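Some notes on the structure that comes next.
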Amino acid sequence: MTDVGDLAAFAELDLGRTARRGYPEAIYCEGKTPSQVGAIAAAVRGRPDIVTLFTRASAAHAEAVLAALPDARHDADGALLAWPPTPPVATGGLVTVVAAGTSDLRVAREAELTARYLGRPTELVVDVGVAGLHRILARVADLRRARAIVVVAGMDGALPSVVAGLVSAPVVAVPTSVGYGAAFGGLAPLLTMLNACAPGVAVVNIDNGYGAGHLAAQIAAPA
Amino acid sequence: MTDVGDLAAFAELDLGRTARRGYPEAIYCEGKTPSQVGAIAAAVRGRPDIVTLFTRASAAHAEAVLAALPDARHDADGALLAWPPTPPVATGGLVTVVAAGTSDLRVAREAELTARYLGRPTELVVDVGVAGLHRILARVADLRRARAIVVVAGMDGALPSVVAGLVSAPVVAVPTSVGYGAAFGGLAPLLTMLNACAPGVAVVNIDNGYGAGHLAAQIAAPA
Amino acid sequence: MTDVGDLAAFAELDLGRTARRGYPEAIYCEGKTPSQVGAIAAAVRGRPDIVTLFTRASAAHAEAVLAALPDARHDADGALLAWPPTPPVATGGLVTVVAAGTSDLRVAREAELTARYLGRPTELVVDVGVAGLHRILARVADLRRARAIVVVAGMDGALPSVVAGLVSAPVVAVPTSVGYGAAFGGLAPLLTMLNACAPGVAVVNIDNGYGAGHLAAQIAAPA
Amino acid sequence: MTDVGDLAAFAELDLGRTARRGYPEAIYCEGKTPSQVGAIAAAVRGRPDIVTLFTRASAAHAEAVLAALPDARHDADGALLAWPPTPPVATGGLVTVVAAGTSDLRVAREAELTARYLGRPTELVVDVGVAGLHRILARVADLRRARAIVVVAGMDGALPSVVAGLVSAPVVAVPTSVGYGAAFGGLAPLLTMLNACAPGVAVVNIDNGYGAGHLAAQIAAPA
Amino acid sequence: MTDVGDLAAFAELDLGRTARRGYPEAIYCEGKTPSQVGAIAAAVRGRPDIVTLFTRASAAHAEAVLAALPDARHDADGALLAWPPTPPVATGGLVTVVAAGTSDLRVAREAELTARYLGRPTELVVDVGVAGLHRILARVADLRRARAIVVVAGMDGALPSVVAGLVSAPVVAVPTSVGYGAAFGGLAPLLTMLNACAPGVAVVNIDNGYGAGHLAAQIAAPA
Amino acid sequence: MTDVGDLAAFAELDLGRTARRGYPEAIYCEGKTPSQVGAIAAAVRGRPDIVTLFTRASAAHAEAVLAALPDARHDADGALLAWPPTPPVATGGLVTVVAAGTSDLRVAREAELTARYLGRPTELVVDVGVAGLHRILARVADLRRARAIVVVAGMDGALPSVVAGLVSAPVVAVPTSVGYGAAFGGLAPLLTMLNACAPGVAVVNIDNGYGAGHLAAQIAAPA
Amino acid sequence: MTDVGDLAAFAELDLGRTARRGYPEAIYCEGKTPSQVGAIAAAVRGRPDIVTLFTRASAAHAEAVLAALPDARHDADGALLAWPPTPPVATGGLVTVVAAGTSDLRVAREAELTARYLGRPTELVVDVGVAGLHRILARVADLRRARAIVVVAGMDGALPSVVAGLVSAPVVAVPTSVGYGAAFGGLAPLLTMLNACAPGVAVVNIDNGYGAGHLAAQIAAPA
Amino acid sequence: MTDVGDLAAFAELDLGRTARRGYPEAIYCEGKTPSQVGAIAAAVRGRPDIVTLFTRASAAHAEAVLAALPDARHDADGALLAWPPTPPVATGGLVTVVAAGTSDLRVAREAELTARYLGRPTELVVDVGVAGLHRILARVADLRRARAIVVVAGMDGALPSVVAGLVSAPVVAVPTSVGYGAAFGGLAPLLTMLNACAPGVAVVNIDNGYGAGHLAAQIAAPA
């Protein structure tokens, strides 16, 4: 039988990933104990040449990371930590993140920060749901400046269809678990987005701001 | 054991319904044989004082109805027959039926005809899905004239949210089984509509144009 | 990157909505922090000409609202706050809210208060589930006085079908998450209501008393 | 390897079942070829002391059975054949089968015939759905004579709750696949019935008239 | 608007039910506050001629009932209280309750007590799951003495099929939410039981020991 | 753009698989046209050293294979073709395939033939469902001779739990789509089997006789 | 009532879309009759400056299009027609379409042709599923030349995770309805792809080759 | 009524199981109270000849077991206790347990310990998910030494397909509830694994490390 006592027993860090794919390492904190996350944080301390993101970090996770990497940037709105704290110089096209409602903010923020730490310039547009179309119509010129747009929405998830019909950039849609009853934890907006009647919409997992920001950064990468 | 041989054995017609609720009798044809439907048609022949609708009627159902009621109106687009053929004089408020796409036409037509045969004036607006917002925005003045609006949409089902945000009349949303894959036979637009972020939207069963038209006619009934 | 520090960063209030749609502003509290809700309450303080509702408010949300709007009406049964506290003069037709069981009371109360704050006269009828038909049959005359009826039920969700068969007013059905096991959080009564065999039933989201009351108020609006 | 060529290779008839459980043998025809069903029919020919039922029999299945057992009773309404054709003398309590709508007739008839061939007296009541409560209320005295009641309903599946509230006999509820859209092939009435708010309701599989009739016959068996 | 302040506002007790259906009143405690339950307990105190059951009662619910009805019987295993505490004299056939595993005990106990308070003699057989067939086979003679059998099982839910194949009495199957993963809160055994390959099995809601005991008591009622 | 005209454009045969994993090549015919399957059959003609199986082959697929490989063995019961036609000499432990009902025969036969063509000795046991336990109990000695047991069952899917409790060999469970209603195309037995209360049961996809036979052959492979 | 007799009654063509979004018009043929599709084809004949695609076209749809546009390109593998037939000069980055299996070819071809008619250079890689990793590993250099990669897979849907781990370009994943049983019409690979453990994967609807190709063309558009 | 007061009332221990099936007794702790588990632990104390496992044990369960069996081995990583503490001498083939990610460790450890206490030699390989293929490719030689391989994975669940394509041993796949959103508590990897495109994969319940380890030990048992 194996002895399950140290880092090697529960995680094989993949620091060659930056070289292989050109993007940061990300540690998904949920489902890991704070002490596991802390051990990983300590292990990356020797590699300031690589950006490391800690996503979906609870307060306890954040504390463990900051113990090992005191100067890490902690964005509580996005439940995310980044180290080294300063994002790379922005290159490539603009990534704009659009959130339908206030309650979608955590996910939207996670998407924006991820794209920013992958090196893109970013903007955030909040509370422009389709129940009041004038709000999104007022932002069309802003949206058309983007090379990739992340649209975050819960409940009816109708916003990506509307946005995709107004721009020619690709739209990455993120359903959120905001809502209740027949929202079924985000299933409703997920299905809405998969059936978007406007072409140019792709979907990531419910609440997956990290994945959306990552994809948008890849789309908007410099040629 | 019961002998299952005549009308009494398989249907108890409810011709007192008009008196009780003030609305026509409707025969849902699917799941009945043409000869059962024909027998019902023959039975209502003696009651021209009551409007009878035959809904979701296949060609074979229609033939059986027309054999018994040769002057019935048959609308193949809406898969519906009405007898007597002339609708009542229009009273009450306007019922407007909006269809997102061409493929939603059967359901929209069923809704419109039902509302018309319940005595309301009606209008039909087709192919105004949210992928091209200019189409629905161009019709806002028309929509604002209605006392009740039926919105029919498949796929992402986003149109009712958008319409409800533009008017003050109640919106009756009808998801359709148009689409494929993750539309799951209409489940996707059904969930979208139940989670509409604009208030003022109520939902009926997938493809249930009859129910939507009936409800809209009740809403727009004269005081 | 955006700075996420004040109201503008997480909410774009839509105080023009009253003018546009003729109905109050509603703040859905779940998924917002008490301090976010409190900031919104402070922002509406300058607009006593508009009714604002705070729905699905926890005790902490209520406390935050009352700190900013001390005279707001707080109805703990309906988990709702309204400001200004006095509802508008009642106009239009009667909205009657019917609840199948005691456990459906929160949702029923939310529906009733919403309709009342949108300006309709309202009545509430409780504990008249179909397991004892005599209870609902004893109230038929009351039900027939209504211009719009909201029916709230969990578990088998059978009550709206029965009510719709007894009246000619439109029925807005609200499934609730009351129940266990195969009630699947309200899925069972939701499906029952969508398949109501009586015409004249439309459905809103599980537990969505606000949406039902809003729709009923629109239906019963003065001509 | 096994040679798959004769009856023994695909079916092990269980003619001891009557002795063991006191009830007939039943052959479920769907999923068997007509020739397999015909071979089984030929095999039971030597056992006229045992009632054999062939359920969910297509026209082709019926033909194959009748070729082997020419005097078998074929009830096309119930898609069922019985041999020997004469049912046993009726003993025990009355089994009443109630069908909400005309489209539920096949299942209701299967239930009635099964109960009758298990030896109970039976009655059939058709087209008494809850949309017109007066129809079921007019039959209460009839229902109260039964020792066991089978209630067959599709769509909203609300009838068993209502019936169970009116009688003291046990109710066996059978959801049917009648309906469309959010009926989801009978899932909607299945869930409704499992959540019946009146006690005294048990549920069998969608469209399972045979199982319901069998259970009702067991309940009403002579002491 | 209604004033929601006393018992009449949230519950209409149905003490005529005993006369109408011949069975006790039952109060489903979940979803009611302890003070609501206590008010109901106080209201039934004047009617010792009727048995009242309080089901799915938490410790707080039990305390509220006992405050009003100090001599009520409280069975913590079954989460049930009964008042008056002494069950009726046992009449009719035997009701046997069978539980597949130890974890199914609460539901099984609820079923047994319900049947007993409806007036039947009862027995309880525990931990006889199909993984060790010898356990259930050793009890066949006991099972054959019953007029109605309740079988409670979670996980694979296979026990009712096996029991129904061994006896001629009707089997009422109760799926439980015991298990994890693909048990999906009791969905797995629910589907298993609905598809039982042995006839004579009817199903009630997941964890619904009360409903199963009630039905079994009706089946085994004296002629 | 690519030119889609020959075998290379739609299939990359993997004839090195035998070497790499030690097992035959299998062509899943469903979703391929008969002419695509025929082209593949022609391509393997030059490799009689490798066993090739064509699974889920319709009559048209079979015809196309036999045109290219006239001496292939075609087993219509199992919807399978094998070439070269003679199976390998049997080595390793016995694989026994058990089918609950006659309707499960196609899947059971596919499993048996697959295991046989992978080189194991096989046996087939049919129609031993749990509704009549004596049938499976009569075969326990046979079952205990097996090194691996495949159990095929639809509807309640209870047989694998029972079999696994009787033997010490591993059980590979195959749910089938036999049944109707709440069987939901095999979902019911799939969930039953995943929740088997006896340890030693693993599950493959609904109707996947090929996968089960393959796995059983691997389990029973000679040391 | 509306008269439903000509093109204007069922479709509002959106020929301004090219100007607005810079991409072709697409006509989704399923759910439209051949004569409706033919009328649309006739209507676009006057606009050879705009590329029009007819997707998911049956043979009857294709015939109707070719009657109106005899020189349209018809690709039966992809169930797609394009007019004018010559695709635009290729600009922007390479779009590579990868199909896991032969049965995924229709969807893959639809994706490739869509991207090509939107103006990108394209390549197609077929039959490189993860069951034989050497196949996809052999193509890594090819994959790394792409600016956007579409990965089409049914059954386990595992290929996009593997591909995304090998490249730095964005991956658009398309689940297909290929498979049976627990593939549930494409639900299985859809969920797999939404949960891809490699970042950089976005998902479109089941079988939606058109949407994937469109999105990939947008991603790879020239700066 | 039964008196529910001692061990016999809630559990029938099956200590003959070792003889009958040749494997240890296992106590599934979830859903049992610590005192029930403690009573069972006390009951097995007299049988040190049989290995007893306590699975899914919370800290409170562990404490209760250790009070009765102070020298039991408690592995907190695997939430499992074993008594007697020393595993049997290892015989038969190697069982290798592979975990895709760190968060899958509890389940993987439960599988490994179960196989070890059933008498097999075991190895554990952690954090080799498909997003970085080089990690699993680096371990192929290790994997090929195993007689049975358990693969534990959440989220996309793609690892078993990949592993099965690289080895000739049978693969037992365990989906885990690791993940969020469209992972739906493990449903996503469960479906992925059931649809594995490589043959040789069988699946157990979500998070069921015990079942997987048991099955693998049976597969790798000495001849």
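Descriptive notes on the structure:
Labels for the chains are A, B, C, D, E, F, G and H, by order of writing; each one numbers its residues from 1.
To be clear about the criterion, a residue touches a chain if its C-beta (ideal position, glycine included) is under 8 Å from a C-beta of that chain, and two chains touch if they have at least 3 such contacts.
The structure presented is a predicted model; accordingly, all values stated were derived computationally and were not measured.
More than half of the contact pairs at B-D come back, by residue number, in B-G, the repeat among A-B, B-G or E-F. Centre-to-centre separation between subunit B and subunit E, using Cα means, comes to 44 Å. One inter-chain figure worth recording: subunit A and subunit H are separated by 34 Å, centre to centre, where each centre is the mean of the chain's CA atoms.
Taking the mean of the C-alpha atoms as each chain's centre, subunit C and subunit H sit 49 Å apart. In subunit B, the residues touching two or more other chains are 132, 165, 181-183, 187, 190, 194-195, 205-206. All chain pairs that count as touching, in label order, are A-B, A-C, A-G, A-H, B-C, B-D, B-G, C-D, C-E, D-E, D-F, E-F, E-H, F-G, F-H, G-H. Contact residues of subunit E toward subunit F in the complex are 100-101, 129-133, 137, 155-158, 161-162, 164-166, 179, 181-184, 187-189, 191-199. Those residues of subunit C that touch subunit B in the shared complex are 21-23, 26, 93, 165, 167-170, 172, 190, 194-195, 199-206, 210-212, 214-215, 218-219, 221, 223. In the complex of the two chains, the subunit D residues touching subunit F come out as 1-2, 4, 9-12, 14, 17, 20, 28, 30-32, 36, 56, 175, 177, 185-187, 190, 205-208.
Of all residues in subunit H, those touching subunit A in their complex are 77, 87, 102-103, 105, 109, 112-113, 116, 122-124, 126-128, 132, 134-135, 178, 180-183.
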